[in-house]
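A, B, C and D are the chain letters, set down in written order, and residue numbers restart from 1 in every chain.
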Amino acid sequence: MNAKMNHRLQAYFERNQNHARLLITCLDQPGIVAAVSKFLFDRHANIVQSDQYSTDPEGGQFFMRVAFDVPDIKHDENLREDFKTISEKFDMDWRISFADELKRVAIFVSQQEHCLLELLWQLQSGDLTAEVPMVISNHPDHRELVESFNIPFYHIPVTKDTKKEAEAEQLALLKDKVDVIVLARYMQILSPEFVSQHPGKIINIHHSFLPAFVGAKPYERAYERGVKLIGATSHYVTNDLDEGPIIEQDIHRVNHHHRVDDLKRIGGQIERSVLARAVGWHLEDRIISHNNKTVVF
Amino acid sequence: MNAKMNHRLQAYFERNQNHARLLITCLDQPGIVAAVSKFLFDRHANIVQSDQYSTDPEGGQFFMRVAFDVPDIKHDENLREDFKTISEKFDMDWRISFADELKRVAIFVSQQEHCLLELLWQLQSGDLTAEVPMVISNHPDHRELVESFNIPFYHIPVTKDTKKEAEAEQLALLKDKVDVIVLARYMQILSPEFVSQHPGKIINIHHSFLPAFVGAKPYERAYERGVKLIGATSHYVTNDLDEGPIIEQDIHRVNHHHRVDDLKRIGGQIERSVLARAVGWHLEDRIISHNNKTVVF
Amino acid sequence: MNAKMNHRLQAYFERNQNHARLLITCLDQPGIVAAVSKFLFDRHANIVQSDQYSTDPEGGQFFMRVAFDVPDIKHDENLREDFKTISEKFDMDWRISFADELKRVAIFVSQQEHCLLELLWQLQSGDLTAEVPMVISNHPDHRELVESFNIPFYHIPVTKDTKKEAEAEQLALLKDKVDVIVLARYMQILSPEFVSQHPGKIINIHHSFLPAFVGAKPYERAYERGVKLIGATSHYVTNDLDEGPIIEQDIHRVNHHHRVDDLKRIGGQIERSVLARAVGWHLEDRIISHNNKTVVF
Amino acid sequence: MNAKMNHRLQAYFERNQNHARLLITCLDQPGIVAAVSKFLFDRHANIVQSDQYSTDPEGGQFFMRVAFDVPDIKHDENLREDFKTISEKFDMDWRISFADELKRVAIFVSQQEHCLLELLWQLQSGDLTAEVPMVISNHPDHRELVESFNIPFYHIPVTKDTKKEAEAEQLALLKDKVDVIVLARYMQILSPEFVSQHPGKIINIHHSFLPAFVGAKPYERAYERGVKLIGATSHYVTNDLDEGPIIEQDIHRVNHHHRVDDLKRIGGQIERSVLARAVGWHLEDRIISHNNKTVVF
């Protein structure tokens, strides 16, 4: 973290010291909202934003996010404990996050820097708020850039033969130190073993509007196919390549004038804004994954 | 209503016979959501969608929309009556609408037909659901079109000298027969007296992205100014010309090739989709106006 | 053609009586533009718009479209003949179209009417200009609608067993009567024999942003995949299903609230505007296909 | 210029050493394209891209841009001289630019850094290609950032009383050193004297979709008005505040959830991409201004 980041964080902490978010998934049934509302009311919580969604009010899946302020929330040691009465009654999958307990993000990057730069920059400007304990790359190129933000940079080369060792090294670095891993154009496929260590916590940016152009070289294939729109997709990583839950997508119009290099240049702008939005929503606890899809509140 | 419309309505009624929407505006204070949730829970309501928004959790304005199903809702004669206990406690501005009590829409139109046609067409396809007891126009041109939908058409010419009488005639036709008035490119300015008879119930489409190009001839002025985007705005009508609460806006990219006629043609496509979206949201009770702005849930 | 259409056509003919378009494809080489320009200059042509594009100035493919006015163009019987001196020198694939020789469009439709309606409506409003000698459908539903526009409607049922005969019947109707075939949500796959009779002259609308969701039920699959954008694609039909040259695409943002029915409703709006744009560009001779891609000037 | 910039420049120079652009404005009349094409053909030029536009083929204004390669262009000392035969015949306003003669850009900035950063970053990545001989700011904040790119930074404070002296100092620094001035959220209004020294060479970014919210505090006013779209506009600076020729605009959708701070944050993303596109088009000689509008080829 550099000085500007520190300054912005200070303001963030003051603004958010009593702010929390409750996320719930369970089977839909009458009374959930009433119970949750009463629980928060009894705690003198001010509800700042509340969103809910049900795939079907009769027997469907229910999702809820409540952002709220509770005075002196940090001295209310029993908030999570007490909620269990409710969560157990409705058999909820749930969590409460405190806004001032910053999520710790590891950024993985290869040679292309635009997504990394966008994230660092938005972290510095305060558009994103997180800790970044490390950047890991299979190339040495961005050490100077990363260290200029006072962020540790680890160069871990990956070849076909050393992939297993490289992942072991990465996992050792990550262990207990990070909450989210962002693949900012990291051009290596993670092994199932790696993914299983961080389930639902790895965010990737794919350079096409999935499911079009799954796999390698999407801009080249978009050019070949003569599409009139190119796009980018941010999604959680699962063991099915480019098949994980989609968080955000966007597109830009192109035409016959644009060659592959132009598609890459234009696409790079889409990639960085799509990835930054997805990461921001994850950091603000806005995303619930279910059945390989996301609800984004 | 023609045969297709009737067929689609039948399906709508079956789907929505127990469906209602509760809309609330009041000062924000703890306990609102808890009280509303408990009220609906006690009535065995299934909440289909719930949205809320507060301008400020401490002393701000609170808005809420709940869409819910209640079995045999029509025999629950006391639903509205009983809610008064809650509404009075929180000093709410509120209403409950039953989805199968169709809103009655009067469409006003002048010579340009594209917005009128889009509305009639979406009503026929079931994308919009409403009754249309009348179309009123200051020109005779669209009688055949409108009557082909089995909708009564009234030609009421308006000149500078006859405006007062014309509006009196319009108001007499509308009296107790309509819930909403849609100005589908109706090129007359309504008098304050007219507007005051239907407060918050008149929806207009303006052919620019307001507040740019308030007033007459926006496409000509957009062309003169050399803008690279043209747009359209749907808003509720107040006595300040083009200054009422904005419901929806959209834009389309243009360039130096486009002459005024092209802007009008492209703009016409934006106008009709923007107006249809705004009318649809109004019909589904998704809009709350407050302080000359809209909350669209 | 109904009365409104006739009126608009009259104005179109007057405006375009001396208007023509020259389209060229050939290998790029120096001197093409100089030769074409001189040819038009010697004919006293006013160039209204000129676009050109080269995949590579050294040995690439060259594309050009010139829209121009020539006084008394219809008495210049030798325009096309004389151009052969140039076209042969550069080995051009070329054509000259006169704007007042309307293209004849056959519309194929199944049960969903929205794309058909949009085309008929834009033809009536003058946003599209063409003759429509026939609408062909495998369902009887839209006879009344189509005939209300004074357009002949042919109901040719298609089953697995009768497909061959049905296509023979269609081809007989089309023979020498149409220049373009528009598949306005025609839910039958045309046989290679049919396609080969109208090469590069069949325009389809596919209800996804190709190449995502090639094939059947794209909205269901988009819902399953949890995409955040849905789209539509208009393309020329080839014998590779959904693989022909893309003319135009567009998208709309969706979220977890939208069910399959919502995707279909929203998608329908995209489909009709995308198809209408593609058809319009074809009618104005703006599209050149090459190597399974389109250049749209 | 730092090392990365240098590396990318090297590649640019190699790619563009024989590349030039010809821009023409004149009254439309037959023979222009024929004459220009013949001129380039006689020089053995490969035309890479050619665009032309006429406000009216009979007596309107004609605009043309030709991008072309000429072998050994730098030894063709007479290219510009020889073109005068043609330019004088048609009374053209014209210029020929060589792509490897980089434009020199001065960036003016105040406290907000996002537009400055985007420009520096795109210059570094090669998405923009220019020299940046200086950054001038009325605040000292960004010295370190700018100097880290090896670009000279000048802090020239501006107060109401010292504005005249400050501008004199700026003009002295700029004199003969820059071709373009980019106001990257420079929050000072330039005097008519300053503007008249660099006519048509000052590019501004305004944080609204002009002509909506001309002047100060556009996001605050957009929030007050309750618009559903916010935007940004890049334009050439004239002496009429926010009234100069518009180069590029873009928008983003917002809703009732977004407060003024959110509008500023979202708007900042639009500002930086709109400004970068506008600057890029200027650097590639794609823009012709005429009658307070731009033609962007």
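The working rule: contacts are C-beta pairs under 8 Å (C-beta built on N, C-alpha and C of every residue); 3 or more make two chains touch, one makes a residue touch a chain.
Note that this is a predicted model, so its numbers are computed, not measured.
Among the remaining chains, those touching chain B and also chain C are A, D. When you average the Cα atoms of each chain and compare centres, the chain farthest from chain A turns out to be C. Set against one another, A-D and A-B show the most C-beta pairs in contact at A-B. If you lay the C-alpha trace of chain C over that of chain D, the rotation comes to 180 degrees, to the nearest 5. Inter-chain spacing, taken between the CA centroids of chain A and chain B, is 37 Å.
As a whole-number value, the distance joining the C-alpha centres of chain A and chain C reads 43 Å.
Residue positions of chain A touching 2 or more other chains: 49, 53, 257. Note for the complex: chain C touches chain A at residues 53, 209-213, 225-229, 231, 245-251, 255-257, 292-296. Contact residues of chain A toward chain D in the complex are 49, 113-114, 117, 121, 125, 127, 148, 257, 265, 268-269, 273.
The residues of chain B lying in touch with chain A in their complex are 28, 30-31, 33-34, 36-38, 40-41, 44-54, 57-58, 68-69.
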